[in-house]
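Below, subunit A partners subunit B and then partners subunit C, in two separate complexes.
Right, the complex of A and B next:
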């Protein structure tokens, strides 16, 4: 781990020359970009461009065949997902990956697991230290539940919730980890306009209140333009553009990729 | 109408996190506990010995398997063998150190099963579902082989059986020929109540949440910082501990000794598995409901029906039991995978709203 945490505006994460292939399928080819502390960084591109694969490399689900990932100034070759979690990287999934048999509250409480350290011996009695720890984290989680306005579904098993609320609970679970870097894979996919607006508000508030750095994948160009500070565009596993939303929007290759010209 | 939480407001997180947040549930539990202590002296000792004691032993084993299969999502067919490890460990301990309280040894033998469970749980990091079940099946057969082939385990008895020596607690014999069913019942009741309370504490806290996360989606669990191997091995350890204690209790408080290799066979593994499927995967109440149903149905068919004047032979009753249990398993797997416990929860939900449908 690096000695000093990066200050706002400094580079928190940089990926350098990442290539990833599944058998013959090249998911990513020589992709490089960086994420600065405190910004919202969008990753866009057509379906199958390799966006989700990129996030999977960052938090250790996939091991790229080539390239380097530098996080908080430390370069790493291989990392397991639980190590990424310990380093302060949280994420949500394109296809919701909640714990379906558990309530909203318990799902979000799992985000605190890394910070709950009272040994098994005390868990057995559920009094004393174990109970104090449980209450302390419950209090924190209630703060998130209030922030996301999901008090009414606190005790509901998440499998029974509508899609939009599940996405919100998944965001809550990631927030409960108090991450330094939050990776959001299509947080607004399949939502209606109102739900999208809510989600945008939550994302902006997260950055403002907790100073979290966010890398997000999104399809809705309007949302991307509104939310993000900088955008990287992938197409067929390659980076084709990188810059502010306005720059990217005007880029010839981006327009072609989105309109399907030239392929 | 009577089952309402109206007016019961939680004023602290501690109250809200209680295992039974609704007062009626707490009262119900208290009544059951009082009845479990006060009623058995008035029951026929045959009933205590053949209905209540086995029911508690099965409940304990089913609780153990439920921690592994229901809460952590790891299917095991080695329950019978893990129970056997407990029984043999207890036998060795109490013959080597006869002076120590037998209840201490019954509980201590759980640690031996826990250790064996961890060893056979190691493959669970790499394999799951069907393949893990097969690996635990291998454990079952390997351990059964040990029970027969290592005479040191049964103190070189020519019959190969475990003999239950006489053991007393506070001057009251609870193991051996002179132990009454009632004394054995209170011994197993104390163990089951204590261990169920502990299981409830575990599953409602950090550890239980980690287990359920592994069960519901292991990749997301890893992302929350859970170390899968550690969580799974802990589940194997705790689960096997419970099974081991149940096995020791089965041998010493129920059977009173006997041919262990038949007792701890694959059939026992399946019986316990069926109990949690019917009772409810991932529910402590379910372990008890399943144990009650699967243990009581055969007894009812064999003794109850003739009492009621229905002429039924022993063999027919046995066949009927198999058919009924099979049908129940198919029913619950298809219609209500969460078993009797979920049916009970749904009923309570309805009661809460009654007489209004919503």
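Right, the complex of A and C next:
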């Protein structure tokens, strides 16, 4: 839980010349950008710009045909999603992906699975080291539940929760992994103003308390401009701008892409 | 007529309670074995959302491998260990060759793939072991033979020792599986995978590992089922028909519930035997073969999720 003091400037993840195609459809073409430690990095762009594809490449759901992804200074070619998770990359999904049959608590506990190291034998008897480990993880998860203010739905099956709370549980599960890099795919989609403000607060607090680096996709421009340190803009699978919110907002190509102005 | 249907059978039951106990016991034993088969289906259905048509043939294949190895001079216990190894190899190859390339395909595609697996295993089994029925090696595996007669309720009730052993072994296996899935890391991961593949991957669960574990477990269940069924009849390809009996059990218990498979199996087993013995004569007997499906049909009408299944509510 100790917050490693964020040292912005050091590169955590760098994406270099990524191209991804599904058959003849080019989702991403030669995209490069980097994410620095402790910053909030937004990826924006119109629908179908390739934002989610970009996140899927980073966490190993998709394997780009070209380009390099360097994480923590190590370049990787092929990486499976569970390997990405082991290296500290957690994520949430655009269309919520929770374990519907489980309670809020159990959902968040799954985020601790990778950290459960006690051998099989002890777990079967639920005794000794296994019990201690379980208690330790439960304590951590309770911390997250408190942090996200979802104590009252601890035991509720998530399928029954309203949309906004489900999104919060999903964030909780990702946080339980104590990720170094957190990928958020439209964390505020479909929320009302109040829920959005809560979520913004949580995201800022995550960075402050846990020292997590965040890359997020978001459509709400107000939110993006307020939250993020730097913004990369995609359109039709290509990068069209990269910089601080103010720089991006003033960029001619970005305005064109969003307003659909022809030349 | 009404007297014959609603009163007479119960009068008979009350008249000869020892006979009733005997019928109930026979039903329980059959039910335990149905439950075992259904359990194999539930395991795979939970983890991959696939109705594994090949479960029945896996039972036959496991039993054939065991007997076949023994016929070729391998000591019985070593043959058992080797068969476990073979079931692991089978699980591993199915994951590698069938499941992995078909990941994220619609469920119906995977279901069809299990048909393919079924016929592949039938061919493989006949090619290696031949098509003749074989006798299960019961005494070599230290399974008891003979029967115990108990004087009770003014009569004599016979318990086959083999049946007692089957019930005990099945009980132990179910308990072991329950502990495994409730308490271990892999068990938790399995429950997660059952709900959402995408989310499971994102928290660092390896789908490939889980699938191998699940298919291997289903293979072990198939092996135990094969030994027990094989000991009561013979080991032949005809045995795979019993897989069809798992369907009503699953409809009764719910496709996703381990306790459901057990309770469903017992209800079907006991229901069949009692129905056959007391009501069968009214229609010239032989109702054992279809009564289970009738019960299942009734459940589909009134409680389609089964006794213990998840009621799925879709938001639209």
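Convention: the second predicted complex is superposed on the first by the 254 of 263 C-alpha atoms of A that agree within 3 Å, B and C clash if a C-alpha of one lies under 4 Å from a C-alpha of the other, contacts with A are read in each partner's own complex, and residues count from 1 in each chain.
The definition used in the following text is that a residue touches a chain if its C-beta (ideal position, glycine included) is under 8 Å from a C-beta of that chain, and two chains touch if they have at least 3 such contacts.
Predicted model, so just to flag it, every value in this text is computed and none were measured.
Q: Let's test your reading of the overlay: on subunit A, do subunit B and subunit C clash or fit side by side?
A: clash
Q: Looking at A:61, would you say it contacts subunit B, subunit C, both, or neither? Reply first, second, both or neither.
A: A:61 sits against subunit B and subunit C alike.
Q: Identify the partner contact of A:135: answer first if only subunit B is touched, second if only subunit C is, both if each is, neither if none is.
A: First partner only, subunit B.
Q: Quick check on the superposed pair: does A:114 touch subunit B, subunit C, both, or neither? Answer first, second, both or neither.
A: both
Q: For the overlaid complexes, name the partner, subunit B or subunit C, with more touching residues on subunit A.
A: B
Q: So, A:85: does it touch subunit B (first), subunit C (second), both, or neither?
A: both
Q: Between subunit B (first) and subunit C (second), which, if any, makes contact with A:102: first, second, both or neither?
A: Both partners, subunit B and subunit C.
Q: Based on the superposed arrangement, let me know which partner A:177 touches: subunit B (first), subunit C (second), both, or neither?
A: In the superposition, A:177 contacts both subunit B and subunit C.
Q: So which positions on subunit A get touched by both subunit B and subunit C?
A: 59, 61, 80-82, 85-86, 90-91, 93, 97-102, 109-111, 113-114, 116, 120, 123-124, 126, 130, 173, 177
Q: Under the definition above, what is the set of subunit A residues touching subunit B in their complex?
A: 59, 61, 80-82, 84-86, 90-91, 93, 97-102, 106, 109-111, 113-114, 116, 118, 120, 123-126, 130-131, 133-135, 138-139, 142, 173, 177
Q: Tell me, which parts of subunit B touch subunit A in their complex?
A: Answer in residue numbers: 13-14, 17, 198, 201-202, 204-207, 209-210, 212-213, 215-217, 219-228, 234, 282.
Q: In the complex, go through subunit C and note every residue touching subunit A.
A: Its residues touching subunit A are 179-180, 183-186, 188-189, 191-192, 194-196, 198-207, 310, 313.
Q: For a test of understanding, state which residues of subunit A touch subunit C in their complex under the given definition.
A: Its residues touching subunit C are 59, 61, 80-82, 85-86, 90-91, 93, 97-102, 109-111, 113-114, 116, 120, 123-124, 126, 130, 159, 173-174, 177.
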